[in-house]
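You will see chain A twice below: alongside chain B first, and alongside chain C after that.
Now for the complex of A and B:
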């Protein structure tokens, strides 16, 4: 007996919905509501006593690794970081609970965005079994309550298609630009500097940085420099100077992370497949700045 | 015996990555970041946070969810009992039996409540929500305390001035603001009629499938009282960073970077 599985990819995707993408009201509404989902304060200064900025980076890096290994949808990681930041902006948390919180946030974001969500058991394995699935589920309720069940936060990814379709790029270049922009968005989510920036600005800055970066190797854009920034700023109604500054910051963060990566490679301790698994740094390496 | 082909490498990768395929190689991502977790401490913290949330709910709705009873004291909301016959079936209690959903008949009022119905608001105050809630589904379930739609503008202003109490999440009360903004003409008159109707139907009652002890949330309907200054005072969260344990910082002094301001 032979069984033949004809499924090409178990995840079926809907075709892009013209009603959502080609209607400016959608973009305008996203711009209107996005700031409601930002964390309310810089919590390292006022709320948290135990947690330091470098710890947020540690947990964020770990979450990104898990999301990549599990091949999560792109939005899952930034969304989970949004939950984490919003929770930490209100609830003082000891550092030993931070990884549990990160796992809970991934759990929630994955359930909201994915057809096959991450399981509690799997997430616990990723914490090296330092937490139990039962604890994850209990804390899920706490996080939900503290977030007032407002989970459908606006993320930078919500803006990418709206921005890309208004750029005068040849279609064949778009997928590369999109991929790089998504990488930048993930990079921004790991850095607390960007936690209180409106998602539209991060999205616009990421697209700008992606085009600028790619432009050096090949001709991906008919628009460059100031003309490009002006157009991008107009699309998301962002101030030009703010956008420029945001794009520069993204480039700085990218450079830092590249240096970090080279250092890690220099150490020689990291195995080759470890680097392969972290697809984001691999992408980042492809960009020559 | 059987050969199973998976046509695409991608499909295989995803199956391996997810639990659908019983393979899970431990990778470098499996790591404990901040050392061992004290499970007892975690559990204590959990209880504290859950108690916080429950207290928050109780304050927000002036309702004791553990005992399923409205709070007595003068709070932000005033609960008024209405007969469950007067609300659309959708808002009534049901029991699930197999695949069928049966409507529970209204339970008889507890003695105390029947003898002395909750004090009505002064005559000059429009009985806004009361007349509306049963009539139009859009105005929210009768079981939920609807902030009075037709309250004096002074109250609307106050609601805007005071950020959603105790909530870091700004979306906490969009429902409210939407409702309170809606004009509700002539509610006072219809409300008076509705009260009378409710009073008569309440006496009629109905055949109960099953008697449950004590009143349920669906037996009550709250309206917002006009006198809110003391509630306002108690709801106020100290601005900014000094928010006490768990109470999220509302209106932090810190300026969030916005699109126009870096």
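Now for the complex of A and C:
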């Protein structure tokens, strides 16, 4: 008797659409509209009284863990952080509401980007049942209202393919560069420093940091150093110096997070198994800077 | 319909991600803040569109609202009553996201009526609603069926039964 295994990847994906990815008008339009979705101010200074930068980092780290454990699409986490930042830029919020808001933002981003979105119940469990599904649904409306229902924000991920296809990299290196760049984008989303940067700059900086990081192990690029930065800057119309600064900041954040990770491992808090489940932040330990 | 793939993605036992970050959450305060923020959303929308979405009446302002009939909207937008019961998730408690929205609205009107609005030509202000939206359509007549459905769909969201 022959047994047939019908298990397939349950997530249906569209094939890459050449009309969207290989048309420069799309890139130009993204560059034109991206600023509309940035938070309106640096809210720790001008809006929030209770919430401190470290609290944003706490909630962001938690959101990233949830997104990874639930194997969300890569865009879900940065998009959710965009919602959170835009909400906090307008609404003074006590810190006790912050985790609820994080959950709501993941709920919305997941619905926008995924074929099978996260459920309210599951998200509530991730808050250790400190909020109820009903509260999540009510606050969903509040967040939608405050974001004026503008949910289709531009994220750094929107630029990655546009950038990669213009680089003179051999195709077989692209997937590794892409993977590392995605990791850096997630890392940037956890750090408030990057919240007001245009997504195109974060994307360009992340690709640059990915190539530089990989360069040390093997030859991934025919371009190096300044030539690479110049090309990257040209692709997304970013100022060269800004881009360099952004890439340096990404590398600093990466180093910090690697140190943090080593500390955590030193504590023996995570088993190797747990580490392997995560696709994003822990992958950075493979990168030797 | 069930959703096996995501269900298969169960929360691992003793997941480190299951944790509360900032101590106990005060449900009462959540409720109060939620109500206040919803009310401010309603107020913003009221000023933005010079339309009272609570009583569904046009107000003085840049937009001229008129009632229209027979737009051939899909039924779902016209259902006079939200599907599902009130006690789906609230356990019989009245959802108070936007109590004002639930009262005194002429729901029956929506069976075959809707409102359209025209931006009055003299208006100096450009609608800043949606990016890439019809910002330049000053004086052009637009169908604004979505305006009234805006709050209807909110109501449905609050009430609608979650799929098992």
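Everything below uses one rule, namely that the second predicted complex is superposed on the first by the 275 of 289 C-alpha atoms of A that agree within 3 Å, B and C clash if a C-alpha of one lies under 4 Å from a C-alpha of the other, contacts with A are read in each partner's own complex, and residues count from 1 in each chain.
Following the convention adopted for this analysis, a residue touches a chain if its C-beta (ideal position, glycine included) is under 8 Å from a C-beta of that chain, and two chains touch if they have at least 3 such contacts.
Fair warning: this is a prediction, and the values are worked out from it, not measured in the lab.
Overlap between chain B and chain C is detected when the two structures are superposed via chain A.
Touch criterion met: A:200 reaches chain B, while chain C stays clear of it.
Within the superposed three-chain model, A:62 lies in touch with chain B and with chain C [touch as defined at top].
In the superposed model, A:25 lies in contact with neither chain B nor chain C. In the overlay built on the shared chain, the residue A:245 is in contact with chain B alone; chain C does not reach it. Using the contact criterion defined above for the overlaid structures, shared-chain residue A:42 touches chain B, although it does not reach chain C. Once the two complexes are overlaid on the shared chain, A:13 sits clear of chain B and of chain C alike. Within the superposed three-chain model, A:89 lies in touch with chain B and out of touch with chain C [touch as defined at top]. Look at A:137: by the touch rule set out above, it reaches chain C but stays clear of chain B.
Comparing 114-122, 186-194, 222-230 or 240-248 from chain B against chain C in the aligned model shows that the clashing stretch is 222-230.
Annotation: chain A residues 10-11, 36-37, 55, 58-59, 62, 65-66, 69-71, 91, 94-100, 116, 119, 122, 125-128, 130-132, 135, 138-139, 141-142, 145-146, 148, 150, 274 touch chain B in one complex and chain C in the other. The touching residues of chain C, when paired with chain A in their complex, are 3-6, 8-9, 11-12, 15-27, 29-30, 33-34, 37-38, 41, 44-45, 89-91, 93, 95-98, 129-132, 154, 157-158, 162.
Against chain B, in their complex, chain A makes its touches with residues 1-11, 35-38, 40-42, 45-47, 55, 58-59, 62, 65-66, 69-71, 86, 89-92, 94-100, 116, 119, 121-122, 125-128, 130-132, 135, 138-139, 141-142, 145-148, 150, 196-198, 200-201, 237-239, 241-242, 245, 274, 277. Against chain A, in their complex, chain B makes its touches with residues 1-8, 10-11, 13-15, 17-20, 24, 26-39, 41-43, 45-46, 49-50, 53, 56, 167-172, 240-243, 245-250, 252, 254, 256-262.
Chain A makes touch with chain C in their complex at residues 10-11, 33, 36-37, 55, 58-59, 62, 65-66, 69-71, 91, 94-100, 116-120, 122, 125-128, 130-135, 137-142, 145-146, 148-150, 269-270, 274.
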